[in-house]
Amino acid sequence: MIDYILRIACPDEKGLVHKITGVLYHNELSVIRNDEFVDRENDYFFMRTEFSGDCDPDRIVNGLKGILPQSAIIELITKQIKDVVVLVTKEHHCLSDLLIRNEYKDLNFNILAVIGNHDTLRPLTEKFNIPFHHVSAEGISREAHESAIEQLVKSYNPDYLVLAKFMRILTPEFTDKFKNQVLNIHHSFLPAFIGANPYKQAYQRGVKIIGATAHFVTDDLDEGPIVYQDIIRVNHSKTAQEMAQAGRDVEKIVLANALKLVFEDKVFIHGNKTIIFE
Amino acid sequence: MIDYILRIACPDEKGLVHKITGVLYHNELSVIRNDEFVDRENDYFFMRTEFSGDCDPDRIVNGLKGILPQSAIIELITKQIKDVVVLVTKEHHCLSDLLIRNEYKDLNFNILAVIGNHDTLRPLTEKFNIPFHHVSAEGISREAHESAIEQLVKSYNPDYLVLAKFMRILTPEFTDKFKNQVLNIHHSFLPAFIGANPYKQAYQRGVKIIGATAHFVTDDLDEGPIVYQDIIRVNHSKTAQEMAQAGRDVEKIVLANALKLVFEDKVFIHGNKTIIFE
Amino acid sequence: MIDYILRIACPDEKGLVHKITGVLYHNELSVIRNDEFVDRENDYFFMRTEFSGDCDPDRIVNGLKGILPQSAIIELITKQIKDVVVLVTKEHHCLSDLLIRNEYKDLNFNILAVIGNHDTLRPLTEKFNIPFHHVSAEGISREAHESAIEQLVKSYNPDYLVLAKFMRILTPEFTDKFKNQVLNIHHSFLPAFIGANPYKQAYQRGVKIIGATAHFVTDDLDEGPIVYQDIIRVNHSKTAQEMAQAGRDVEKIVLANALKLVFEDKVFIHGNKTIIFE
Amino acid sequence: MIDYILRIACPDEKGLVHKITGVLYHNELSVIRNDEFVDRENDYFFMRTEFSGDCDPDRIVNGLKGILPQSAIIELITKQIKDVVVLVTKEHHCLSDLLIRNEYKDLNFNILAVIGNHDTLRPLTEKFNIPFHHVSAEGISREAHESAIEQLVKSYNPDYLVLAKFMRILTPEFTDKFKNQVLNIHHSFLPAFIGANPYKQAYQRGVKIIGATAHFVTDDLDEGPIVYQDIIRVNHSKTAQEMAQAGRDVEKIVLANALKLVFEDKVFIHGNKTIIFE
């Protein structure tokens, strides 16, 4: 059984693996799985270790602080089920997939609440006895709307915020408050289409594949570090509507795969990219 | 055995399939496979029919002209092996795949010659007893260079021109002379990266998939009608060089798949998209 | 708009497409999409035509009977939403996906009822206001159990019966009563593993991909005509349990894709294979 | 730069990573990448470490022997380009892909020679200035044939033997002499087809995907530890011949991917499965 997951990110230097595992060994802990990666371009070290045994977490972390560079980020994780708040608009496909996985414990997460800027998905959410909050953006400023969402989210104190087809652009002010905690899903095309109605453009261009990308949200909504991507094949006989439907199927699978990696603490964010120990 | 492939594209109207197949039936020809598609958005009709039997092609085409709208494009194809000239620069991966397929008749094509703006791929080409022409762009104007290539290509009178990693941008003046005859392959990313060294950008962004797109070349080099696309998975442990190598593997497969469809006369171009009867 | 779908299967002979479309043309109907395939090995002809317009279906069918071989199967379909009964055991993943798609009209079907040989999935089903019937196999003969299911199914008169992880083997006596109406989903491996606990075997063999196959059920449960297949990648770090979870994700997608094709009347069954006009 | 790759496999015990990396650290070596996996079912430990620096290999290995369980397998690899002999019959597709990759250094290997039980592929091989040996099986016993091949192979002293569509079954006596050194590629189907002409069977069953599996060869030719697998989509319109051609395309890609992993020393064999540090 995994009791702890240790995650370390710091500038690289000689002997890091040896020193880190030494702290575990001298505390009589058993390493179950260990992954390590050095980004040679930036000389940065990433390590994730699953281990079992009885330990005093503070003692481990202090032991590690003593041997690691000052700027090291050390996380010792015991909470394997993550608390999540989901933000939605009107499309159901990602939310319904998450609600089913929540109901059957198919992902190691726990949905605390769903917040919608429309009330459309309340009945679906409430079927699964999850609280649904409607925070309309109508008639109020963007700041007021985000502030209302922020307060609600904070009242639940989640580990992650999942944008499951939340169709509003969040301001950097908002996302900065939940740094590395906000995940988003969106469709992707080869080539990329800019502007309104991308599925119509994709249809008119006759694309043969439609993709989806799940990523962390940083200041620029669709441009944060990528966690997972996949594609689905389409052909000329699909209408723009059918392409959109195919896109929804790949979006929900990509989001679920990305969340599985994130919730298992397998994803490191460094600059604008991810290091993932699958 | 397929003796003929009939391809028709015209504005849609009632009874087209009936009338067209009537011409074949009354000439005692046997339909082997028939595909038809109507683009509802543009009310445009596409039909491809494989048939066998003895016929006078002129008689068939004239029969069809009598029943089809004036603007109909009618092609009655008997030449199943396509003549091809390949344009290259220095990268070998697409050319070598094509040379092997040519040698073993794995694609219904016949490579007449390879033209390179560098001499790099001459030894490879000549191993397979295919003429290689080096047309350097050094010290001459773009017009002069393209004109030299054009003359050489025309001397071979190919059905298609394949840009197998030809790293120069062709002018609309050139491509207009080979309308619907020029195919290109290039890598594609989700998201798209603009500017120099896209693999470096893809690496820095930590993309999880790398794609390739084969398309007809129109005025805008990378923007013509798409024939085939595919992707390959990568992860953070790949360097930019390894991503480029993975990209080469998917490029050569995508190009071969696209050429197979085109050379079997399964691809219709309409506006900026393709209709493909796989 | 598609008003009718015409499906014809018969021994091949010259002029079939011309004659069939003639009946439509002379009734002033507009062909929207037409697909035709001749199985050369068996000289058998398959055609599917979407058309619009006002017509007397009997007149069309009689017109077609007059020109087609006696053994021709002619189907003129107007019912585009299919009625379905779902059979389950304890696993939720396929059922939940179907319930969501039913709720949001993501597939052109209508779930009339769910029948379980266990009562496990009643709460899930009833969340969506679909009747759930528990028909236990305990303490009764296989014949009695199947007979109870048969009666219940017949009371709903569905177009199709979907085995969404129904873990009992149906007798040929049962499946013969619903010929070409029963669809099943199961995992598939390369290589195939025979006997109990295939995921454990797959784990021990270290397979790198896990597949799923959706097929019509004939006499031999896992051996009927295949409609759709797909795979998902796994690696050595997955436990047998995680492989099974990955398998569930691919099963639900494969089942949904297969049902979409079947419910759009795009699938012909001929002998032990399918012809599918995607 | 990677100077060494260290590979260790042994029964698991506490502190292994710490102790192993200690030996590297005390020799002032820099770990570039480290992967470790414990097979919990068998309590077996696998570790692969890329490191750089100046070292005396004997000193490192002796240092490791002092701290590891007696049964530990310790490999310290400095030879990054692997010497390979390829065995073929008549099909060219895998061989030609390997010859091209060899010519352009696209895989870290060096083809020393090609041996064929037919002479068919001599011209192709010799185009690339690789020795080709024809060892006919005609008129001699299986033992005599294998013995002739064995002697020839041993005269080249390769690191690996690649069966690139070698269509004869090797005896356990032969493969035992090249334990963990022989790689094979073959097509795979869902479901599996036993007996002659599997593509004909696959065609008749109407399969929708065709797979390929690259694996190490053990006593049972098609049943050794799997290294890489992939699939390609087909449909009813493909003849058995076209399915076989699609199969060849996926075979050559799967073989190249598998060899890349093996030649980078990323593959561990344990019992009948592989652990692969991609």
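By letter and in written order, the chains are A, B, C and D; residue numbering begins at 1 in each of them.
We take it that a residue touches a chain if its C-beta (ideal position, glycine included) is under 8 Å from a C-beta of that chain, and two chains touch if they have at least 3 such contacts.
Predicted model only: the values in this text are computed from it and were never measured.
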Go through the assembly and pull out the chains touching chain A as well as chain D. B, C
Far-end chain from chain B, centres as C-alpha averages: A
Pick the pair with more C-beta contacts: B-C or C-D? C-D
Please tell me the distance, in whole Å, between the geometric centres of chain B and chain C computed from their C-alpha atoms. 36
For chain C versus chain D, what separation do you get between their C-alpha means, in angstrom? 40
Among all residues of chain C, those touching at least two other chains are 33, 37, 40, 235, 237, 278
Chain A-touching residues of chain C, taken from the complex the two chains share: 33, 92-93, 96-97, 100, 103-104, 106, 124, 127-128, 235, 237, 245, 248-249, 253, 256, 278
In their shared complex, chain A is touched by residues of chain B numbered 37, 39-40, 188-192, 204-209, 211, 213, 222-223, 225-231, 235-237, 239, 271-276, 278
Going by the contact rule set out above, which residues of chain B touch chain C in the complex? 14-19, 21-22, 24-25, 28-38, 40, 233
